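Presented below is the structure to which this report refers.
Order of writing sets the chain letters: A, B, C and D. Residues in each chain are counted from 1.
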Amino acid sequence: MSTEAMSARVGVLIAGLNGASANTMLAGSMGTNDVGARRLGSIIHGAGLGDHGLFADETSFVFGGWDVDGRTAADAATTHGILPVVDESTLERLGEIRPFPAYVGSLDTAEALQGGHTLSLGSAADAVAAVVENIQAFQSANAVDRCVVLYYASPLRRWQQATADLDETRLDELLHELRDVPSGLVYALAAIRANCAFGDLTPNITLEVPAILSAAERYGMPLAGRDLSTGETLLKLILGDMLRRRNLKLQGWYSANILGNADGRILSRPEHRSTKLEDKLSSLPKVLGYSDFDHVVDITYYPPRGDAKESWESVDFLGWLGLPMSMKINWQGRDSVLAAPLALDVVKHLDFALRHGERGLLGYVGAYFKRPLGCDQVPFHEALTNLRKYYLPYYLETPRDE
Amino acid sequence: MSTEAMSARVGVLIAGLNGASANTMLAGSMGTNDVGARRLGSIIHGAGLGDHGLFADETSFVFGGWDVDGRTAADAATTHGILPVVDESTLERLGEIRPFPAYVGSLDTAEALQGGHTLSLGSAADAVAAVVENIQAFQSANAVDRCVVLYYASPLRRWQQATADLDETRLDELLHELRDVPSGLVYALAAIRANCAFGDLTPNITLEVPAILSAAERYGMPLAGRDLSTGETLLKLILGDMLRRRNLKLQGWYSANILGNADGRILSRPEHRSTKLEDKLSSLPKVLGYSDFDHVVDITYYPPRGDAKESWESVDFLGWLGLPMSMKINWQGRDSVLAAPLALDVVKHLDFALRHGERGLLGYVGAYFKRPLGCDQVPFHEALTNLRKYYLPYYLETPRDE
Amino acid sequence: MSTEAMSARVGVLIAGLNGASANTMLAGSMGTNDVGARRLGSIIHGAGLGDHGLFADETSFVFGGWDVDGRTAADAATTHGILPVVDESTLERLGEIRPFPAYVGSLDTAEALQGGHTLSLGSAADAVAAVVENIQAFQSANAVDRCVVLYYASPLRRWQQATADLDETRLDELLHELRDVPSGLVYALAAIRANCAFGDLTPNITLEVPAILSAAERYGMPLAGRDLSTGETLLKLILGDMLRRRNLKLQGWYSANILGNADGRILSRPEHRSTKLEDKLSSLPKVLGYSDFDHVVDITYYPPRGDAKESWESVDFLGWLGLPMSMKINWQGRDSVLAAPLALDVVKHLDFALRHGERGLLGYVGAYFKRPLGCDQVPFHEALTNLRKYYLPYYLETPRDE
Amino acid sequence: MSTEAMSARVGVLIAGLNGASANTMLAGSMGTNDVGARRLGSIIHGAGLGDHGLFADETSFVFGGWDVDGRTAADAATTHGILPVVDESTLERLGEIRPFPAYVGSLDTAEALQGGHTLSLGSAADAVAAVVENIQAFQSANAVDRCVVLYYASPLRRWQQATADLDETRLDELLHELRDVPSGLVYALAAIRANCAFGDLTPNITLEVPAILSAAERYGMPLAGRDLSTGETLLKLILGDMLRRRNLKLQGWYSANILGNADGRILSRPEHRSTKLEDKLSSLPKVLGYSDFDHVVDITYYPPRGDAKESWESVDFLGWLGLPMSMKINWQGRDSVLAAPLALDVVKHLDFALRHGERGLLGYVGAYFKRPLGCDQVPFHEALTNLRKYYLPYYLETPRDE
């Protein structure tokens, strides 16, 4: 198995290829030979699952995807400037990666709507067909063995369409009727129909739509999502769990988030942040077991911060005899740097699932997501236990190195 | 069993009875009828162990103890002023509690050495005998069924005496030879010989001395310790665990602690804080699995803070590709208020152990301590699992309420 | 002069009498005999102007006013609970203070609109007449020598009416035509016509309306405003000034404000906070001399905070060679407690002006306001110098104590 | 005058040439053509004194000095790595700057004592003579018009010798008797005797010694000191001034400083930080006008921080009626980057003084120092006014650009 995982070439196709997070993932994983540094921030390695030959290595990944920005990945890396230094030979390889034109619907951001590098089509069904063709063209051009598609574009506006009963037949009708559907649906459906695993790293409804789940079931494709848990939400899970176990009553949690990248600009718009806020707000009550506390999350676009995500939290709680105490946390992270190893992990889990015939939502990867689908929201250490349990039979049978 | 626990009167004798923490525990548990408020901050309730009738209730506790300050507990409560309001009838009951004179050796603080309310004796052996007499007098005066002794005085200076091989025989010789031994040893030995359980809530070496462990074994007495984990150390365990599981490399952790109570004044003296610092520094490497990071803890006496413990932490770590990030935490707690429900819990565990014939160090209560004795240092949630596992057979057999 | 100031009874009539800030000012100044404690937070004393007998003493103030909450000031004090202890005799005196019914227009808050204790009238002109009558009734009932009216109700919505050319004639026409005008205008006009000085402690347009300025001129009444500078804005002035003098380039300033009182609830609504934000945002560019930086202010209602105003600021600046640095400030203040001594100071300045025939906007009290009217916005220490300069001739002629 | 200042070559000789701060000053001022970026952080420019041609330009500075580290300034720059990028041509020029061997006495740090690149001498008088020779050699090799010597080595231990009555005769005797005197004295005396201005940028007693002051008087040399005020102390002056003017009573100020450079390592040793702490502690009482508050300053060596100086401050104060409030400040600065433009300014002031015949301590440059000598400690804005006043006659006569 180890050999199979290692020797295969895995295609990784990303919707939003030239965004800060995806681009950082490409530039970093293609540009570093320092294995130890590349393992930092990876849950696979944090959970002790990295040394058993279970997973494909990121050096075997072949990257491609879609973007409204049609420049090469090298140009994008230069613009974002997130990694301190990208060497010449890496830039050269990044220069060879150019995105396909992106499907953009009216729920996308104003910036995306104005982007020049887009598909122009009669209906959304045409877009699905075009994306399937892109994938097949990529596969044959790059001789990849298996393929994972990630949705990593900006958070969409809410869709007015009710989706709770949207089955495949009705979705197909809609795709033919409409020009504008949520772009996540287009990529997910195309991925599944092109026999690719699909992961949603953003706060969108895609993986709640029945049509997508049943298509994945039918095609035997694995799904994972949603919204990578890079920092703040994880902190809430961890500290919320601590409060519960110490029987300290949470009275309120205020979070101010300041971001200077495109993500910040878009999330500062109420119409694009509603799903994100829902995801952020949903975790604490589940971990605490009650919801009678004030929970406020502000997200503000603040250009001086760049890609460095900063947050300030005030955690107010009651101790013995109801006496109030408080904890303030100032988180100074780097969004794309925290996200990259998690996104690479997700590709590896999806690729493993492809190889082992798993289909539908992978509940055991819940530790990666703000809003884990296919499983309950549980404290982080329990989510990791679930992950390790899933892989237990596989690494038990791994032959030891000698 | 429930009936037994509830109906019994449990004596709680505290060395350091008039200190801020012990006094707050008395005033709060005697003065509140609000059961919910009294449960806040208790791990017994956080772990879901509180509703099975396993434990004696704090309303059945009868308090007494020793202090260099000979005033009543009511006078001490007025001086400390930690609880917002203590009503008249509680003050009256506190007014009836007056400490026995304390044993003070040369390792105690300068303040204690100058305290007027002290035993004056020929040798430390006399002190042990006097403390045993105190306990017996307390027991017959108050008709208590069982008795727990807590050491809750200020952290001592280091003892020059090597203790690794100090067995009971040699300890008894020393007690006869010397006037000055660590006061923790005197109280521990007297407690055991008077058939009391003993808990050490402070950073002292008492429960590492072989003579104490073997005496507890011989007399069948349970022990628990050491150094209550009220806030900062717990945070380190929790966040250290998170870093490890996310494979984020800790580069350094700086902690500034400012305290305005007697504890702060005493811990600001290097000779009294060495064991405390050891306990504080020992937890992180165990949870992380490595120790190549800078770990600095400053403890500073800052009178404006009073009993409100404040700390500021800078947690510096490396993420993907070795890129540095940081988290700053400003903890605004209340020392005695955080400690009181934990101290009451420890009494309940020791009392349970007495009733069930447990002897020696209770490893399953490690979740309460900075430096858990009788068990390994593990992440907090694992320590809680160990606690629950121990009690599992007992609460499974609890008859359900009908 | 000193004698005159001291012996006189000064009426202080407040629109918003039962709000947290006004009520705290009443309860505190009526309830404390500790002169030193009452001087804390006063700029009059900070500027060394307090010991020359220039100003009336707050013990000579007689309080009254208007509110939609018709309860006594004692009931309001009990609800707000901002001061730790208010003794019985003070509560008794507060129990005798009951507000007149308030004028409420459609620009007031939803809460005010629903308040029961309001004037019901045909037109806004009737409201002005009613307020004038209230003032006269108060004056004759309390035998006050002079009277100051303060506007201290919640920030209003924006008025659609253009006000730049609104002279007295046109305003009077409007008052007869309309039922709903900004309540600040009603109180200001009534105050001036009843020969009272008028101060606006809130972020409203009242003192920018030409009709009000010319009425004050004609009646010879002094005005002061607007929006008390209690904490955060002052900090911005002070630190902005420091950056300018050190030639450190401000790149961005982010402020998150969390408040749990009625002010917080109302300012969290965009329609009520626009003038407040304008005032908060206007000061920095003036002090720095440039405006090419990102300045974002979030105001969030967060109930656990109560009247304790908390803010977190990230101040990002460039030093030598353009290298970025940052300063984070966590302000833990108490809104009403910071405001009360400033509001009392403003009354004293207005009363002094009344006695000395000053009319119109008092530019020399700019140090008190977020948006000083009648003067330029200057660094805080310059504003204090201006204040001292104005009073210089008066305190130079003060006879020295012997 | 402008022409004279501009055309002259000014020698800048630094004791501690290869330290982080001095080296950063060299690398930055030699490596940047961006005039605007070079002006950032300069008080000369903040005070509006930079555009009148009064001062020599740093491009006319010729650098040299002494260090126990005998490598070139290019090698030192590479080790320190404080400036993000130093280009090749600058590195080449830095490669030509190599320090003279340093005088090291027993009061210097252990590191300095072990440094290889030191003078080995019979007595301290020999050291003075050697330093004079170094200066003369430097002057003739570089054809400089005037010369400024800066002391910028690590803070020294306390000298046991009483210095209050140490006149030149007695100092000369001591220099002949002893091998070990504070190195600051050696450099100061040599500078003065070689007709150089002298500035002390560190917390040492040099400029309090009568012999140095009288020598400067006799030789007609200007002096400036001591201990550059780069960040935290300035903040204390600024905020202390605000508290005083608002009549808010300071109750306590706690500062934790964490530094990862050599300065941090040395200041973490009590014997090297006593003068520094005195300087840091002395400013607040002077600005506030009282000293009944708790003032604690911790300085801790914390390697992960590098040259980025971080501090956390808790400022606790009482407002109206004695109610407590607090402000927390987290300063994230860069020591050498904040210091460099100030050090360059000091050179310019000393050079101006040389040209204009000023001698002894320059009281008007107090704004630059934690412990200003030759003047009173006043609020920062007053210190700037003093600076501007001094230069007023000179820039008034500056011909305007046409």
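The definition used in the following text is that contacts are C-beta pairs under 8 Å (C-beta built on N, C-alpha and C of every residue); 3 or more make two chains touch, one makes a residue touch a chain.
All of these numbers come straight from a predicted model, not from anything done at the bench.
Shared contact partners of subunit C and subunit D: not a single chain qualifies. The centroid of the Cα atoms in subunit A and the matching centroid in subunit B are 45 Å apart.
Spacing of subunit A relative to subunit C, judged by their CA centroids, is 50 angstrom.
Between the CA-based centres of subunit A and subunit D the separation comes to 51 Å, rounded to the whole angstrom. Touching of two or more other chains is recorded for residues 328, 330 of subunit A. Pairwise, the chains that touch each other are A-B, A-C, B-D, C-D.
Interface residues of subunit D, counted against subunit B in their complex, comprise 251-252, 254, 256, 258, 294, 296, 298, 300-305, 310, 312, 314, 316, 324, 328, 330. Subunit A meets subunit B in the complex at residues 28, 32, 34, 37-43, 45-47, 83-84, 234-235, 238-239, 241-242, 244-249, 318-323, 325-334, 337-338, 340-341, 379-381, 384.
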